[in-house]
Every structure is written in C-alpha cells, then in structure tokens.
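Structures incoming, each one as structure tokens.
In what comes next, chain A is part of two complexes: it sits with chain B in the first one and with chain C in the second one.
For the complex of A and B:
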C-alpha cells in the first residue's frame, strides 16, 4: 500500500479511538449481557436463536451508526476545521487522502466488530455452555456485516463529498434502509410491465443490495451459508465500495476548499 | 532563479442561488519572487492574500492562469516536498500531541524514518514547545498552536516557505520569535512568502513587498527603495522655547516639545531655514529628509485608482516645478521616483 494512505488511515483510526468511538462497546456489552441473562431466564430451547439474532442485529446497527456518523464527517470535518490545508500542501494527492480516510474508518469498524463478535460468542457460550459447529456460520454473518460497513462508509464519503453532513447522513441512512429491501425491489421490477420496467430495474440494481448481505436470520436458525454467496457478496461489496469511493474522489479532486 | 512565478493567476467564484453570478476574488496576478527573497504580501482583510496562497497550495483551483514554484508547475506533487505552508489561524488534529502531529506530518512529507524523531525534537525545541510536546493540542493556547504551525511548516526543511499571517494571535514575545525565525530562514537561504497586515513586521523583515486590495495587486517594490524615497520635505530639530516667526513664514509646520522644536518644511526652504537658525542663534540638533514610511506607501496603494492617478499627476506637477527651480540637483531623485512608479505600474498591470 502507498505509505501515505497507510499514515492517513492510521491517523483516522487513532482519532476515532481517542474520540472515544469505541465507547459504544460498553452500550453493546450492556445490551447483550442483559439480553443473555433475560433469555436464559424466560426462553426454552430458543436461547441460541435469540442471542444470535439480537447480538448480530446490535453489531450491525451499532456499526452502521458509527459508519454513517463518522463517515459523513471524514472529509467535511477536515474542510470545516481546515486541518486538511496542512495535509494537502504536502506531497499528498487528494485521492490518497480520501482512500486513506476510508481505510481508517473501515479499520476502526473492523476492530469494533471484532470486539463485539467476541461479546456475541461469549453470550453464546453463556446460554449454551458450549460451542456448536453451526456457530461457525455466525462468523460468516459477521463477515457480511463488515462488508455492509464497507459500503455504508463508502456511501457516506460519497455523499459528503458534495453535500452537507446532515443531508449526507439522511441519504446514506435512506440507502441503507432501501438497500435492505433490494431483493423485494428486484422482484417488483421483474413484475413491472411497460416502460416502467427499465426504471424499476435500474433503481433496484443501483441501490446497494444489503438484503443479500443480511444472513442473520439464517445463521440464527443454524442454516449453512453457501461458499458461492460468500464469494459473490465479497466481490459485490468491493466493487460497489470502489465505485462509491471513485465517485467521491472524482468530486473531491475538483472541489475548491473554502 | 525565480522561486515563485505567478503567471496571470485569476480566481472567481460563482455566487447566488443558481451560482451564475461570478465574484472576482483575484484579478489576474503576475508576480515573480526570486530565490532567497523574503516577500511580504500586504493587504487588508479580504484583499485576496489568502486566496492567492490557497491557489499556490492547490487548495483552490484557478479560473485562469498558472504558477511555477521552484521551476515546476504548481500542481506537480514533487514540488510539494520542497514547500512549507502555515495557514491563517491554523487548526490541527487536536487528538494528537505536538510531537505526534509533527511526526505524522514528517511521514506525509517523506522525511526518512531514520532521523525523523530527532528532527521533530529539534523543531519542537526551535519553536519553544519541548516542554509541552506530549500534551494534546486541544489543550494548547492560540499562540502555542501558531508555534506548532510554524514547526510543521519548516519540519521537512523546505526551500520555499509560505506563511499566512504568521504573527496573528501572538503576544509581543511570540511575534519577536517569529521574526527571528524568518530572519533565520533568510540566512539559511530559504525563500519566504508571507502575508500580513502588520506593516511594522513587513518593514522589518521583507526585501520586497506587494500590496493587494480588492483582489488586485496595486504595487510591488523593494522596501529599502520605498522608504528612501523622500517626500520633498525636510525635518529640522533645534533647541528653542518657541517657534521663530520667520520660520513659520517659510511654510514650516512646527511643534514645541520641552525645550526643542520640531519643524517640517519644504526642502527648497532648507537654506533659508538654516539662515533663520543662524540669525536667531539657535542650536541645531538634526536635519534630515522626511522619508516615506511603508504605511504611507500602503495607504496610498489602498486608495481608489482614480485618487491614486490624481495623486501621481499632482506629484508629477510638483516634481516638474521643483526641477525647474532646482535644476540638475533634482535629476537623481526624479529618476528614483520614475523607477519606483515604473515598478508600481508593472505591479498594477500584472
């Protein structure tokens, strides 16, 4: 990797850690341990289902909130606070800055997800007293959640390259919600007739397909995740993020810094 | 070799709801700064100083024109490692300590890992921040941040240093230290381009200054030349309790302070004034031509162009009258004035 991208990424990670972003882990730990204790008391035979469902949904939501709220400020905050001036007056290209910031935030989210994943497995151990083979698929679900974060970060960066932080947050969150309905939208597009079919198909395939990346329900029921889906989702998430980052770079390259 | 060649650099922004109305931030600017020179870019707030610096740093893009820095195109990334920049009222990553920040900037500037830490410590020492090197910048005062800003601007030993209002927010001691630092940079052979509206700093530090106002370069000149230009007046100081009436009759503007009189009068009255002092048996303390200060030059350049033209015409008329009276003696002074005006016009035309 270009060393300057690495330096910028590390600084972004350090900033997130020092700004106490990882404090969300405390809230997550409280939610999860509370849930584990409660389901241990009230449910019969569905402890694993509840813990996996609740745990992975919490991992996803906590991460998405961080990805959106830090992602929209990654570049705009640096412009507003003018910290960017002393970076871009050095031999740092604008694309290196954007890519470095992206890697810094995704790195933060990977560490955050890893720590939350440890919490999920501890909760599983608490309710089951042992690990089972099907718990391995929880790792696949966590991997897909990280892929979701890549796309959300890239979208937040893309929107913030031309919009205000508030609007960027609204756009990114809206796309996250719509993207979770992408499979339904695709089915709807197939059922459409006439001229609208092109529009419906275009929109259905343009929005990020977060529903394909959401396998929480399957792994909660112990269903296996096909290797083909892992490969497909990996390629899809990388391509989609790369496109959004490229868009952000193209806009940022031409932007006058006030 | 020219360190900075600004070739008709121009910037306008589109304003209004539909972004269709252009607002000119910088009129075509042509300016050359030689290597090793300390150049002061003077102008009131909003004159276009920061816009010029941002254009040169690639932070905003020109509407027209270009510039060459150290012989390379200004957007050439290779040239950036030879440039240091201190923005106006700098903000830095406040989650970092001064040491961490300088180390980070050293990494980005390509300072080799070996010796980077030593260089960082040296810079912290140079700007007087060794004791606070480990403290997060969010706890720093404005003056301390300005020092960090200076340290980061010279950390990678650049050949060309741009400083935007480097004295802003500093106490008198801090200002003195910045002045010393700029003097040191000059003695190390660096080219320094700094913007300021504090004229005494420019007067003390600069080889040349340029005055910009409303996005237009109004004049450029060597500080030494600008200040040696006389105004056709002399100042006489002598011991006396009151101003002799015969001196007032010569057109002197005089004031008494204690047992001394300070009188300013047209230089063609010099001999007559000395004759008055001799006749009245008054003891002369000093006689010197009234020199133009940088402030007067600056204020003159800031006036609307029509007023400036009228002033130049009046000045030319006065010069002609003086030439007629004094003959050849004035030729040298007129030549100086002519040269200076040529310089100014070059600047305005640029």
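For the complex of A and C:
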C-alpha cells in the first residue's frame, strides 16, 4: 500500500478509537447480546435463535451507526479544524487522503465487529454450553456484516465529500434503508411498464443491495451459506465501495476548500 | 467541619434522588397490584397485522422480529391461560405473523398448535387454526418430520380423523430424516387408532422428540392417565365377568381376588387403591392428582387438569 495512505489510515483509526461514543455503542451491543439470553428465558425453545438474531442484529445496526457517525465527520472535521490544509500541503494528494480515510474507518469497524462478535460467541457458549458446527456460519454472517460496513463507509465518505455532516448522515441512512428494500424495489421495477421500467430498474440496481448481505436469519437456523454467495457478495461489496470512493475522489478533487 | 454550599447541594440532591426512587418504586408496586386498574393499563393489540409491512419495516432483520413476535405469543398465551380468561383472540394472528416473518421457526408451529387446538382453559379451542398453522409449516418446510408428526397428532387428538392422521404419519415416515416411530404410528393409526397402545406410542414419541421439560412432563401425565384409563376399563370388565359368573356384583376388590380374577389389590400409578363402587364402577381415590384421566371419575366429573404455572 502507498505509505501516505497507510499513515492517514492509521491516524484515522487512532482518532476514531479515542471517541467515547464508540465505546458506549460497543458496550450497548455487548449488553444486547447478553440480554438475548434473558429473552430466550421468557420464550420457548428459541434460546440459540435469539442470541444469534439479536446479537448479529446489534452488531450490524450499531456498526452502521458507528460507520455513519464517524464517516460523515471524517472530511468535514478536518476542514473545520483546518488540519486538512496542513495534510494536503505535505505531499499528500487529495485522492490519497480520501482513500486513507476510508481504510482507517473500515479498519476501525473491523476491530469493533471483532469485539462485538466476541460478545455474541460468549452468549452462544452460555446458552449451548459448547460450540456447535453450525456456529461456524455465524462467522460468515459477520463477514457479510463487515462487507456491509465497507459499503456504508464508502457512502458516508461520498456524501461527506460535498455535503454537510447532517445531510451526509441523512443521505447515508436513507440509502441504508432503501438498500434493505432492494428486493422490493426490483419487484416494483418488474411490475412497471414502458420507459418507467428502465428508470425503475436502473434505480433498483443503483441503490446498494444490503438484503443480499443479510444472512442473519439463515445462520440463526444453522443453514449453510453457499460459497458462491460469499464470492459474489465480496466482489459486489468491493466494486460498490470502489464506485462510491471513486465518486468521493472525483468530487473532492474539484472541491474548493477555501 | 462546616459544610460548603456545594456539599449541601450534593447532600440534598442525593437525598431527593433516593427518596424519589423509593417513592416511584412504591407507587409502581401499588399500580401493579391494583386490580381495578389492570383493565385500564395497556391492552394487548396488534397495530400492524400485515407481515409484508412488518418485513419491510424490519429492514431485513426478520429473524429478530419473528423471535419477538413468538415471545409475544408465548407471553400472551401464558397470561390469558393463567388469568383463565378464555379469550385468545390475538393468538392466531400473532402466530401467523411469526411464521410468515420466519417460516423456519419450528417451535412456533409445534407449540403454537398446542396452544391453539385444545379447548379452553387448556388452549384457545381453535383446532382449525392449529391445522392451518401446521399445514403452512409443512408447505415451507417439507422435509421436517416433526411437523408431519404434529399434523398427525392433531388429527388424532382433536379431529379424531384417524385416516388423515395415518396419512400424515406416513408422509413423515417417508422423509430422508425421520423418527423411528413414524412408520409404526402410520401402520397402527390405519388399523388400531382407538386403542390404548396407539395412544401410548404417540405420547412416548412426543416425550422422546423434545427436550422441553414442560412438554415432557405433559407427555408423562398423559401416559399415566392412559394407564389409569386402561386399568379402570380392565377392572370394570373383570367386575362384569364376576357378575356374570356369580349373578351379583362383588362387594369389594377382595372378592375379585378370592375368585382368582386379580392378584393383590389394584392401585393407580400414584399407589392409591382403586375403589369399587356399589354399582360396579371403578373409581380412583384421588382424581384431582391424576390429570387428563377420562375413566375412574365420579359421574358428571370433568377430567382434571394440571394447575396453571405462574407467569414469567
């Protein structure tokens, strides 16, 4: 990796882990994983299901919140604190700055996901007294959640390259919601007629497809995840993130920072 | 030492905090134990009945939402059952939403059917709804033998449709992964549906196919009830044989023993001797502790039910 991108990524990671909100969210996610054990006690025969569903949902949702919360401020904070000019006055190109920020944020989220996943597996161990073979698929679901974070980080950076933090958060979250309804959007596109078909289909394929990355329910039931799906989702997440980051770079290159 | 202004504020604030916390807890305790207010406090309601809408609102986290609705169904049934209300209006819709959100939530089918089918106060008295629930489960999980078992059990116990019960057990027996009793149940249901051995086999299979303690205990109680029903039936047949032989009814079980029809004093599974009534019927000593029995009861008595569990 380009050493300048590496330095910016590492600095971004260091700044992110200093944010107390991060720890509060991680702690809350861990508490939810523990609370799943109690939920299983007041229901019938779904102890493991609840731990996996609630635990992974907490990892996913809190991770998205962290990605948006930190991602929207990555560029704007540097501009507000005037540190951006110092950075860019070094031999650091604008695109290296954006890409470095992206890697730093995703690195932060990977570490967060690891910490929250430990909580989920501890809760699983508690309810089952041992790990089972089907618990391995929880790792696949966690991997897909990390891919989801890649896309959300890239989107947050894209919007923050030209918009205010508040609007960046709104746009990113809105795309997250729409992305989870991607299946319905494609069904809607198929139901339209004439020129609207192209428009609807285009929009349906342009929004990020988060529903394909959500396999929480399947792994909760112990169903295996096909290797082909893992491959396709990996390629899709990398391509979509590259698309969003490229857009961020294009906009940031032309942005008047004065 | 003279307290500073900050110190005084801290003491007062701490005192107010503790007193208000204690007061709030005491008030909440009074609310919880005031019967007159129970009806006014939040009633159960399902505001969104469309599983499609719920699926969209869940943002893809349908598994978790299904778990929440299943827990809600369990708590609703437990609460209504414990209150002896007989009103289970929301049970079927809650189970429908649960299974549409997560068609692989097997406990919802198995236990949901057990909640829906039996007559109140044991259940909701909706065997038709239970049947629809199980059939939905089979449609979405055609390789799950337990669902076919539940279907056969439902036809046997609630609808007394032994032909359909046999067909359900037969379909379950043909699956790649199944229970060893399924083919036997299919065969027995076809020819010996009304016999004690068939019912016994059903409850043994129920006991062996679950790890849930309450279901196992229920199966044990049904097996004990079957034993009582069978023994009372056999004893009454023996009494009738004695009457045909001697021209009169026996005065006690000792007469039957002296005549060589029985050996020892017959007793129920709890160890209490059976009573021989003057009209030749056999009754159990303590019917309240023998749940689900249909024989050996005083005239006009209903089969005793186990006590309701405390709410969670």
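Just so we're on the same page, the second predicted complex is superposed on the first by the 246 of 258 C-alpha atoms of A that agree within 3 Å, B and C clash if a C-alpha of one lies under 4 Å from a C-alpha of the other, contacts with A are read in each partner's own complex, and residues count from 1 in each chain.
Keep this in mind: a contact is a pair of C-beta atoms (placed from the backbone, for glycine too) under 8 Å apart; a residue touches a chain by one contact, two chains touch by 3 or more.
This structure is a prediction, so every number in the text was calculated from the model and none was measured.
With both structures placed on the common chain, the touch criterion links A:50 to chain C but leaves chain B unconnected. When the shared chain is aligned, chain B comes close enough to touch A:7, but chain C does not. In the superposition on chain A, A:128 contacts neither chain B nor chain C.
By the touch criterion defined above, A:164 reaches neither chain B nor chain C.
Contacts of A:89 after superposition: chain B is touched, whereas chain C is not reached. On chain A, the patch touched by chain B and the patch touched by chain C do not overlap at any residue.
Residue ranges of chain A in contact with chain C, taken from their complex: 39, 41-46, 49-50, 52-54, 57, 60-61, 176-177, 180-181, 184, 210-211, 214, 216-217, 220-221, 223. Interface residues of chain B facing chain A in the complex, by the touch rule stated above, are 13, 54, 57-61, 77-78, 80-81, 83, 85, 87, 89-93, 95-96, 104-105, 107-110, 149, 152, 156, 162. Contacts from chain C toward chain A in the complex involve residues 56, 59-64, 66-67, 70-71, 74-75, 102, 104-107, 110-111, 212, 312. Touching chain B in their complex are the following residues of chain A: 3-4, 7-8, 11, 14-15, 18-19, 81-93, 254, 256-257.
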